[in-house]
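Going by the order they are written in, the chains are A, B and C; count residues from 1 in each one.
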Amino acid sequence: MSGDTILNVAPIEIAQSRERRPVTAARETVFDIRNLSVSYGKTPAVKDVSFEIYRNMVTAIIGPSGCGKSTFIRTLNRMNDLVPSAKVEGDVLYHGQDLYASRVDPVQVRRKIGMVFQRPNPFPKSIFDNVAWGLRVLGMKDNLKDRVQHALEQAALWDDVRHRLKKSALGLSGGQQQRLCIARALAVEPEVLLMDEPASSLDPIATSRIEDLMHTLKRDYTIVIVTHNMQQAARVADLTAFFSLDVLPDGARTGLLVEYDATEKIFTQPSDKRTEDYVTGRFG
Amino acid sequence: MSVVPTEFPAGRRFGDRIGDRVLYGLTAAAGLGAVALIIGIAYKVFDGSSLAFSKFGFGFIVDEVWNPVKNQFGALDLIWGTAVTSFIAILFAAPLAIGIALYLTELAPRVLRDAIGALVEMLAAIPSVILGLWGILVLGPFMQHDLEPFLKSFLGWLPIFSGDTNANGGKGILTASIILTIMAVPIIASVARELFASVPADLKDGARALGATRWEVVRGVVLHATRPGLAAAVILGLGRALGEAIAVTQVIGSVTQIPNSLFGTGDTLASRIAAQYQGYGSNLQASSLFYLAAILLVFSLVVNFGAQLIVRRFEFQNTGGS
Amino acid sequence: MTDVDPRAQQLFLTDGRVRRRRIVNRVMEGLATVASATAVAVLVIVVVSVVRNGWPALNANFFTTSPSFSAFGESQGGILSSIVGSVILVAFATLFAVPVGVLGAIFVSELAPRRLANVVRLALDVINGLPTIVTGIFVFSALVLAQGQSALAGSLALAIIALPLIARSTQEVLRLVPSSYREAGLALGAPRWRTVVGIILPTSLGGILTGTTLAVARVAGETAPLLFTTSLAATTVTWDPTQPVQSMPLTIFQYAEQPDPSFHTKAWATGAVLLFFVLLVSLASKFFLARARRKLSG
């Protein structure tokens, strides 16, 4: 299987840094991505990507701007369905089930595979209603208050907002808003959390809180994070996939997966020259 | 471009000063002219109604009689007719227009979106007199022979659908309301469309990523975020319906009465003024028409300020009050 | 199918609630689609009615002769006098409204102190929301009572309706003019009026054109304000603006109420001509708007 050829991670080393999960044999595949290509109209964005994403790990996607990181991560919960020109080829298997099979309901996909976006996007509602909205829509209305509280606790926001739950979410700071968005996503009990540059609009303190959060959250969730920031990937990710831009024979530029490995390996002894150039700052 | 010397020839500087003055004077005259105009309009309308006001006072508003022969005038029936036709029109138009706007912003494929959007704009461009003509000659007979009997047979147990369907050739309250609906829909739809298009895609993505259906996203995010703007748009459409004279006068039957069903004839403020433009018999009747215009003017002011007020409050809320 | 992982099973799970949500979604999508289809259908029905019913009367004669009436009370002749009248009314209305609207917009957007600008803007909004019959009755009492009906009085009423439309489009495009243009002008030491006349006005021409065409399309079909101001007209062609003139909207209004069907055909035909003109001008307005936007933001 092509996934294996790229993923040449032996059960190896790693892991002195805090809580980094040893990448050992006992890992369970959540996503099995096979020969995935996405194009917008006739323009390819990512081409022929294959790899596996594992349960209860943080998988980082890094790479230069425009290499299709966002495009890729959005195929994992079918957010790209909403872009009329986007065309997806290949398979994304979620616990063995093709997400793009005809009998799969994209609405259910997004419900199980949550997403946090680059810019915090709380609804213009109260803090409580931001978290409760999804619960109400999905009919998870039993113990609404407890569920909201639990989600806010998970997102390490409860103490900040417990006394102002009825206040508008727009009054929160950027970092708090982003954690609210995480709480909102967690409240509906997804299995996977996709994060597209969740900290890129935040200051360093807010960023480090989000990073801390990821370490705790991965006990219960599988996390995929896109990031521009290589230190961030190094700090939070167990595995890292490096995407790069490739120039096709006809001059079009498209993203492709260059290397996928344990984070430590990607940053210390990458096996591909392009990865090395990128992580050592000689590129992009 | 040549370098401008720091020292102008005295003459040119003087000329420029004059030029600036003239420009300011002219534009200020135009701008303040608009202010003077609206004040003048209000003054003239109220002034014209003074005779009727001195005779009838505010009792005019609650008096049902409109009898030029006896020189007795009151506006109650007309206010009632205005309120009912506008209300029904908005009742139909608001959901229709919001549906159209949602279809255009959330559902329609790109090709259809532009085409249908343009067609809806064209609907707004149809002169009211043409809609009225169509109302008399096409919609009226259809109402008389088809829709009204149909409504009566199914909903006749409701008093509002129990009237005589054959009495007035399809003219009446319901027909007028439908014409007003056609006029209000494109107005509300175009504002609503802009509002919906202004809802950040971010927010909608956020809701979709929680596993909400398209309708749930619309209800929870799109409609929620645009509520006050929508209210203002609906009020704007209401203003249009309240003030429409021509098309209404063509199809409402112009009878001073509060009919016992929607199939009955009636009249509105604007329509009454339009219908009696020629041959008012007395100064008092003329002045009473001005009184009607004054009431309309007040309605339109209330509607205008109401809409603005809602939008203001909305802006405050949307910044989180912070 | 081989055994599917229970967690994947949830992706096509259809319990009652999911099914209900899906149905509600479908229904709402359907309703929105039906609403759009209804609007389009109404447009088509109205336009087809107008054209089909007016068709028999639409011949050369219709455009070249003025109305006359047979001994049996039938309508004969065409609508030349109405066409001429409408042209006069709209032309004068435009002539009155454009300078005031444009200058007023410049005042509001460029020159006036904020408070005053808000007052003027409010006044324009109120005028825009005014029922046109009120505008008509205002001109009636301000002009017609003393001087009698005339095309000029009618034009004035139409100009009041056109004014806020022109002012608003001009303001909108003035807002799009990059402030660097203004600064460039002022930095060169050019006086304000030269900046306005030489730079800002020419750049906003597209917006002025948009507003003007929009206003023309709107007032060409206005009927209510003409009732009091220029309705007692002869059925012959006049180019004299001090006389009351016949106009297309009023002709439709009056013919529609006549008992004899020959008038109805004429009313439909007049409607067809008016509608064609109005839609054409609206289209032009859309075109100008698109061009102005492209120029300023492209």
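Going forward, contacts are C-beta pairs under 8 Å (C-beta built on N, C-alpha and C of every residue); 3 or more make two chains touch, one makes a residue touch a chain.
For clarity, every value in this text was computed on a predicted model and none was experimentally measured.
Taken chain by chain, the contacts link every pair, so each chain touches all the others.
Chains B-C form the pair with the most C-beta pairs in contact. Centre-to-centre, using mean CA coordinates, subunit A is 51 Å away from subunit C. Centre-to-centre separation between subunit A and subunit B, using Cα means, comes to 50 Å. Between subunit B and subunit C the centroid-to-centroid distance comes to 14 Å (mean Cα coordinates, whole Å). Contact with two or more other chains is made by residues 107-109, 112, 137-138 of subunit A.
Shared interface positions of subunit C, i.e. residues touching 2 or more other chains, are given as 21-22. Contact with two or more other chains is made by residues 213, 216 of subunit B. On the subunit B side of its complex with subunit A, the touching residues are 109-110, 200, 202-203, 205-213, 216, 220-221, 224-225, 317-322. Within the complex formed with subunit B, the residues of subunit A that make contact are 77, 79, 82, 84, 107-112, 114-115, 117, 119, 121-125, 133-134, 137-138, 168-171, 181, 184-185, 188. Only residues 21-22, 24-25, 28-29, 31-36, 38-40, 42-43, 45-46, 49-50, 53, 99-104, 106-108, 110-112, 116-117, 119-120, 123-127, 129-135, 137-138, 141-142, 160, 163-164, 167, 188-194, 196-197, 217-218, 220-224, 227-228, 231-232, 249, 252-253, 256-257, 264, 267-268, 271, 274-275, 278-279, 282, 286 of subunit C touch subunit B when the two sit together in their complex. Remark: subunit C residues 4-5, 7-14, 17-18, 21-22 touch subunit A in the complex.
Residues of subunit B touching subunit C in their complex: 1, 4, 6, 8, 16-17, 19-20, 22-24, 26-35, 37-38, 40-41, 44-45, 47-48, 95-100, 102-104, 106-108, 116, 118-123, 125-134, 136-138, 182, 185-186, 189, 213-216, 218, 236, 239, 242-246, 250, 270, 273-274, 277-278, 289-290, 293, 296-297, 300-301, 303-304, 308.
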